[in-house]
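There are two complexes below, and they share subunit A, which is joined by subunit B in the first and by subunit C in the second.
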Partner chain A sequence: MDITVFVQNFLNGLSIGTVYAIFALGYTIVFSILGIINFSHGAIFTLGAYFTYFLIGGLNNGSGILANAGLPFGLPFVLAILVGSLMAGFCGVLIERLAFKPLRTRGADPLLALVSSLGVALVIVNLVQYLIGAEILSFPSNVFGEFVNQNPSINFNFVDPSRPIPIRTVQIIIFAVSLVILVLLAYLINRTKFGKALRAVAENPITASLLGVSVDRYIFLTFLLSGFLGGLAGTLVGTSFSISGPYFGVTYGLKGLAVIVLGGLGDIPGAVLGGLVIGLAEAFVPGDFSAYKEAVAFALLFIILLVRPQGLLGRRLIQKV
Partner chain B sequence: MFESFFNQYGFLMVYMVLQATLALSLYLPLTAGQLSLASPGFFALGGYIAAVMSTTVWATNGMFPIPYLLLEMLLGGLASGLLAVVVGVPALRLRGIYLALATIAFVEILRVVSLNLTITGGAVGIFGIPQPFNSSLEYMWVALPLLIACVIFTARLEKSRIGRAFVAIREDELAADAMGVNPTYHKVLAFVIGAMIAGMVGAITAHFLNTWNARQGTFDASINILAFVLIGGSRMTLGPVVGGMLLTALPEILRPVGDVRLIVNGFLLTLGAVLLPQGLISPRVFKRKKVDV
Partner chain C sequence: MPMLEIAGLSVNYGGIQALVDFNLHINEGEVVTLIGSNGAGKTTTLRAISRVIRTKSGTIQFNGKDITRSEASSVVSAGIAQSPEGRQVLARQSVYDNLEMGAYIRNDRKGILEDIELQFNRFPRLRERKAQMAGTLSGGEQQMLAIARALMSRPKLLLLDEPSLGLAPLIVREIFGIIAQLHAQGVTILLVEQNAKIALQHADRAYVLEAGRVVLEGDAKELANNERVKQAYLG
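Right after this comes the complex of A and B.
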């Protein structure tokens, strides 16, 4: 493959891969604490994008009952993305209280969590459709500031200066933001008391509670963090392309599953690796087969489950008698 | 009066029967403790076989002969069963949520493939599938016997040696293995029977809906069918049937609610999962009745 095309594909893959990674981290921390898969995580992704869109003062050009409505103020983008993601985080907490906690306190079949979170996802998707409408919402092109607006792509090529490689500035920003979030998260989980308590709850909630860790509080914080990451990923994808409507998060919700299984369910570095692998694999699908790009994540998921069910980084499952 | 009722709700009634049968296809592997969400994949395959056969190979003018429809169901069922053996043997080594995710991947791969093949009509799908009946309601002639046959078969199977082996594997696979029950054989068997049911339902549904496309076999459908089984009750044959009928009818029942009906639908799904841990129909309901008498 031509080196120029290779570098371009590689950078594209890296950019989308880091977004997959932060989205999938939201899935995986919930799984590591509660052992359940939160099917409403894709809907949280959608919500985060919508929240940020309205917080920067965007108008609703959809046909829902709130058509042409908008907030009377507009926050700066950096503040909006933080507040929007935080709001998505609180939606995650709300979902935990309504759909997961009642099941957990009763010790119900974990399968029911799949159905109850699916119900929540249906509520969110249809609520967005009802209030906002099914139309595409686009972030203004200068959302990252005038520099990006005037320089939509950065050109470089150190190998062959006569043929510069255009990289969208938005992608560089997304990559940088994702990288910062990943580093902060790694610090939070591995180096702080909060992270230590979180890992203790994940290992064994009963022992953790005996050691003075408030399990309920950490479950609350886990869902807040998970929702925040989901909402942030939604906003980043929304600014890179556009918000394609209430079903915006569905594809990402599914791909996120592939990402966390690829890396090892509940494994945090694994989710990052899984995101990068799937992002890169999709970027390198040859043009002739681009229609099959959507299936790449699932083909990888299926193969990895058959060959190495514990995922790339997961611990081997020990069967207890 | 009845005539107008059937005209209005004939379609819904047949659809309820078809979805109830589809719920059994997920219920069967679950009796053996295997959470397989592959049903929509086989459902889609059966539908595509019926759609392709009836629009190309057996293309007829006027009414589509019913024996051909039955033949398509047979073909759809067999093809799904064969594919289930190929997929099931490696996939059923996985447990719990891992199996569920592998089967979701299987459904998604099939969906993307059918979206891109020429024979399946690509993204548009297949249109104008010939009709063997004059009205929607008349589909009951094939849908209802299939449901009854599947219910009787499943209920009988549960009482048989094979059914007991399924339960033994569900409760403790290792212990079952130690007692001489072959887990792989029985797990694949349950998976294959479920797939065959889904394939047959797909073949009828393709004619019933008159059009078939990649949207028929999606992840959403997987979870919907799981909801049929879990809300209806996963410990008795009657559970998924009742769940399938009720949840299929629910958006229609909620029609008077107006635009927010799909929101209410999702809310009721969550409420059902939270409030009915055993599902609507559980063996306990029947046992309690016996004590009262």
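Right after this comes the complex of A and C.
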């Protein structure tokens, strides 16, 4: 492969890979605390993108019952993405209270939580379709400011000055934002009291409560953080491409699942590694086969799980009798 | 007024009666031990006090305050810490972080650092291993860590669940040396043990549990000489 094409694919892969990582971390932290896969995480991704779209003052050009509606104000994008993701976070909390907690307090099988979260996902998708419509919503091209609007791509010529490599500016911004989020998250989980308590709850909720940690509060915070990360990832992908409608998050939801299984269920560094691997693998799918790009994540998952059933960084599960 | 007073406590555990009309009290500064065979309800008692299992009836009062319906986390804030059965150290966190987590309810950074130092002086082995993941410690070291971690919340009452379980005699002696030290320093302790001999040696008073009921109680030295206790538990 030509070196410039290689570098271009690599950078694009890193950019989308970090977004996958952020999204997958939302799955992972919930799994590590409750041992369940939250199938509504893809719908949260969708909601985050819609929230931010409307918070910046975007109009609904869909044909749902709220056709042509919009907020009477528009927030600056940075504020909108934070508020929008936070709203997605609270949707996550709501889902926990409505779909997971009642099952948990009754001691239901974790498999049932999976089904109920799948139900929530369907409700959200249909609600969005009913209210907003099935049409594509696009963020304005100047959402990241006039500079990005004027310079949709930046040429890098560090490999070969005679053949500059164009990289989409949005892609660079998304990569930078994702990287900052990942670093903050690593700090939060590894260095702060919150993170240590969160890991204690994940390891053993009874021991954590014997130390004075309110497990219920940490479950709340976990869903808030998970939803925030899901909503943020949705917005970033939405600005990079567009919001493809109510089913926007479905493919990403499945891909996120591939990412965490690939990295090792419940493993935080594994989710980041898994995201990067899948992002890079997709970026290197030759143009002729780009229609099959989505299949790459799952083919990769299949092959890796044959060799390492516990995922790349996962611990082997020991079934205790 | 006793520091801890349990009255008429009943607990059902998976359809069986784990505790039946259970009464117990602990005065400040006492070491009280709860002995009995496997499944007698000893661990259930500690779990009920720490509020990590549901109780069916009865009351638990701590320093005159009813904690029967409290959250597990607020029991710790009230001043009761537990070193649970099987140590339950946070295997994937360092020894140091485990100690820090023991002080979760506290916010006095300086006092916490001083107390970590205090635990390291009490258990020098933990200082040597402070950066090590707790899961890689030996059983004895994990037991020391579990006790040190419980002490980090500066509890008024310390609950110890089977601190001798699975440990070599030499380590058991070391652990009980620390328990005697804590007793001398005035720490109030409720000690659950299967090793009745060593427990009775270190306690002021004792309760003997059989199938969820208290069958004997009294002065630890006297119980150690009781024929029934000798036959059943001291072999």
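Basically, the second predicted complex is superposed on the first by the 319 of 321 C-alpha atoms of A that agree within 3 Å, B and C clash if a C-alpha of one lies under 4 Å from a C-alpha of the other, contacts with A are read in each partner's own complex, and residues count from 1 in each chain.
We take it that contacts are C-beta pairs under 8 Å (C-beta built on N, C-alpha and C of every residue); 3 or more make two chains touch, one makes a residue touch a chain.
All values reported here derive from a predicted model rather than from experimental measurement.
In the superposition on chain A, A:R199 contacts subunit C only, with no contact to subunit B. Between subunit B and subunit C, B contacts the larger number of subunit A residues. Contacts of A:L306 after superposition on the shared chain: subunit B is touched, whereas subunit C is not.
By the touch criterion stated above, A:E294 is placed in contact with subunit B alone, subunit C being left untouched. By the touch criterion stated above, A:G212 is placed in contact with subunit C alone, subunit B being left untouched.
In the superposition on chain A, A:A99 makes contact with subunit B only, while subunit C stays out of contact range. Residue overlap on subunit A between its contacts with subunit B in one complex and with subunit C in the other: absent. Every residue of subunit A that touches subunit C in the complex is listed here, in rising order: 193, 196-197, 199-200, 203-204, 206-207, 209-215. By the touch rule above, subunit A contacts subunit B in their complex via residues 37, 39, 98-99, 102-103, 106, 108-127, 129-130, 250, 254, 257-258, 261, 265, 291-292, 294-295, 298-299, 301-302, 305-306, 309, 319, 321.
The touching residues of subunit C, when paired with subunit A in their complex, are 50, 52, 71-73, 76-77, 81-82, 84, 88, 90-93, 97, 100-102, 104-105, 149, 153.
Considering their complex, residues 35, 90-91, 93-94, 97-98, 100-102, 104-106, 108-109, 112-113, 115-116, 174, 219-220, 223, 226-227, 230-231, 259-260, 262-263, 265-274, 277 of subunit B touch subunit A.
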